[in-house]
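Below are structures written as C-alpha cells.
You will see two complexes here that share subunit A, one where it goes with subunit B and one where it goes with subunit C.
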Partner chain A sequence: MDHSYIMPFIKSVQNVFATMLQMQVKVGKPFIKTAGSPAYDISGIIGMAGDVEGAVVLNMPTATAEGVVARLTGAPMACTHADFPDAVGELVNMVSGGAKAQFPGKTVNISCPSVVIGHDHHVLGCKDVSSLIIPCTTDCGEFCLEISIRQTDGAAARKPAALATA
Partner chain B sequence: MKILLIDDSKTMRNIQKAILTQLGHTDVLEASDGLDALSKVGAYQPNLILVDWNMPNMDGITFVKQYRAKGLKTAIIMVTTEAEKARIVEAITAGVNNYVVKPFTPDALSERIKETLSRVAAA
Partner chain C sequence: MKFNPDDIMMLAGTIWESVLSLPIETDEPGSVGNHPRSMAACIQISGAWNGAILLDCPVEFARLAASVMFSTEPANAALPDLQDAIAELVNMIGGNIKGLLPETCFLSLPAVVEGGDYSARVPGSTPVGRVAFVCQGHRVSIVILEKTREETAAA
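Then we have the complex of A and B:
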C-alpha cells in the first residue's frame, strides 16, 4: 500500500474526533496487519472505488465504541441498541470522506457504511493489498483504523464493491 | 419555518435536529434518502432543505437535480462528507445554495443556516 495515504487518514480521524466529539486522538506507529494483529468486536466499514479502491475499517472494542457513540449522540447507548450501528457507521463515513478529500487529484467514491458487531470477526481487505493498522488512543479507550487501499489506473469512478467478513 | 432534513443516518439527523431546535426551528420533517424526500416535499412544502450526499436508493445530488427540475426554488444546504472542490462545484451547479462539510461544529452549521436564510430573504 502506498504510505502517502496514511497521513490523510490520521488527520481525518483526529479532525472528526476533535470536531464532533471534542476528543483528542493520539496515534501510534502504524503497522502491517498480520494474523496475530488485534481484532476488536465492532467494525465500521467503508468501501472506496475510483482512482483509489479498497476498504477503510474503524475497529473498536465494545467499551471504546460505546464511549465514543455516547459522546457523539449525547446519551449512553449500548452496542445492542438498534441505533448503535448507525452511529458507528457515521463516524467511519466522516473519517473516510475527510481522508479522500486529501488525495490530490483523485476522484474517489465511498460506499454507504456497513457495521459488523461480534466477537472475533475479521474484515478481509482488498485482494493483494496489505492492510495497514493505525493504532489510536482516546479518553474512551483504544481503537484501530485499518486501511487496505490501492491506486487504480482507471480515472472513471466505479461503485464501491461489497466486502467480505469472516 | 418548515425544514426538511434528509440523511440516511439517524444519528446525523438527530445531531442536526438538535442544532435546528437550538436555533428555534422545531417544524422539522425527516427523510432517510432522496426518494423518501421526493415523496414528502409535495405535501410538506419546506422553506429550507438540508440534504446529505451519499445515501442509498437516491443520493443527495440526484435529489437536488430532480427537485430543481420541478422548478422548485426552496433553499438547499448540502451537508456531506464530500469535501473535494469538484464536488462542491457539482453541487452548486445542480442547485445547492450552500454547503457544509462533515464533520462540523454546531456553530458552523448554525452560521450556514442563518446565512442561507438571510440570503433567501434578501432575494
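Then we have the complex of A and C:
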C-alpha cells in the first residue's frame, strides 16, 4: 500500500474526533494486519472506489463505541439501539470523507457505510491488498482504524505530481 | 430504482452455473438461518447510483465455493480461500448489477466478514432487491441496497 495514503487517515480521524467529539486521538505505530491482530465488536466499513479503491474499517470495542456514539449524539446509546449503526456509519463516513479530501488530483468516491455488530466477527479486508492497522486511543478507550486501499491502474497511469512525490 | 427478484435470480443462477457449475433453487427471502458461523461479502457501488450488494451465506457454502474455484478438497480450503471465493462471487454480482445502472458507477473492492454472532447493516440505505436461494443445501441470500440519504463528510 502506498504510504502516502496513511497520513490523510491519521489527520482525518484526529480532526473528526476533535471537531465532532471534542476528543483527542493518540495514534500508535501502524502495523500490517495479521491473523492475530486485535478484532473488536463493532466495525464500521466504508468502500472507496475510483482512482483509489479499497475499504476503510473503524473497529471498536463495544465500550469505546458506545462512549464515542454518546459524545456524537449527545445522549447515551447502547449498541443494541436501532440508531447505533447509523451513528457508527456516520463516524466512519466522516473519517473517510476527511481523508478523501486530502487525496489531491484523485477522483475518489466513498460509498455508503456498512456496520457489523457482534462479539465474534472478523473483517477480512480486500483481496490482494494488505491491511494496515492504525491503533488509536481516546478518553473513551482504544480502537483501530484499518485501511486496505490501493491505487487503480487508471490513476497510476496519470500519476499526479502531488502524490507521486509524497 | 427497484430490482426484479427474477432478474437477480437469473443473474445469480448464471454466475453460479458458470463459476461453480452448481444449480440454485429459489427460496423465501430472509436470513441465512441458524448456522454456527457465516460469512457476508459486501461490495459498494458509488457514482451515478449509490448503494451496496450484500451476499450472506454459511461458512460451509463459502468452503464449497472455494473448493470448486480452487480445485481443492473442501476440508483443505483455508479462510483466505473462502474469503476470495465469496469476494469473487459478490464482485461478479456487482459487476453485472453495475451494467444495469446509469453511467458512471464505480465498484469498491469487496469487504468480507466472517463470524458466529454478528449482524451486518448498511445505515442510510433501503433494500431495493432481495433474493434467497439454496445451493447444495446451503441457504444464500443477496440483498441490493440503495443509499437513501447523504451522509455528512467532513472536509
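Rule of thumb we're sticking to: the second predicted complex is superposed on the first by the 154 of 166 C-alpha atoms of A that agree within 3 Å, B and C clash if a C-alpha of one lies under 4 Å from a C-alpha of the other, contacts with A are read in each partner's own complex, and residues count from 1 in each chain.
The criterion applied here is as follows: contacts are C-beta pairs under 8 Å (C-beta built on N, C-alpha and C of every residue); 3 or more make two chains touch, one makes a residue touch a chain.
For clarity, every value in this text was computed on a predicted model and none was experimentally measured.
In the overlay built on the shared chain, the residue A:114 is in contact with subunit C alone; subunit B does not reach it.
By the touch criterion stated above, A:122 is placed in contact with subunit C alone, subunit B being left untouched. Of the two partner chains placed around the shared chain by superposition, subunit B and subunit C are both touched by A:20. Once the two complexes are overlaid on the shared chain, A:59 sits clear of subunit B and of subunit C alike. Of the two partner chains placed by the overlay, neither subunit B nor subunit C lies in contact with A:131. Between subunit B and subunit C, more residues of subunit A are touched by C. With both structures placed on the common chain, the touch criterion links A:48 to subunit C but leaves subunit B unconnected.
By the touch criterion defined above, A:93 lies against subunit B and subunit C together after alignment on the C-alpha atoms of chain A.
When the two complexes are overlaid on their common chain A, residue A:74 makes contact with subunit B while staying clear of subunit C. Contacts of subunit A with subunit B, set against its contacts with subunit C after fitting on chain A, overlap at residues 15-16, 19-20, 86, 89-90, 93-94, 96-98, 100-101, 110-112.
Per the touch definition, subunit A reaches subunit B in the complex via residues 15-16, 19-20, 72-74, 83, 86-87, 89-90, 93-94, 96-98, 100-101, 107, 110-112.
Considering their complex, residues 8-12, 14-15, 18, 54-56, 80-84, 86, 101-105 of subunit B touch subunit A. Within the complex formed with subunit A, the subunit C residues making contact are 40, 42-47, 50-52, 54, 79-80, 83-84, 87, 106-125, 145, 147, 151-155. If you check the complex, the residues on subunit A that touch subunit C are 12, 15-16, 19-20, 43, 45-50, 53-55, 57, 85-86, 88-90, 93-98, 100-101, 109-127, 129, 148.
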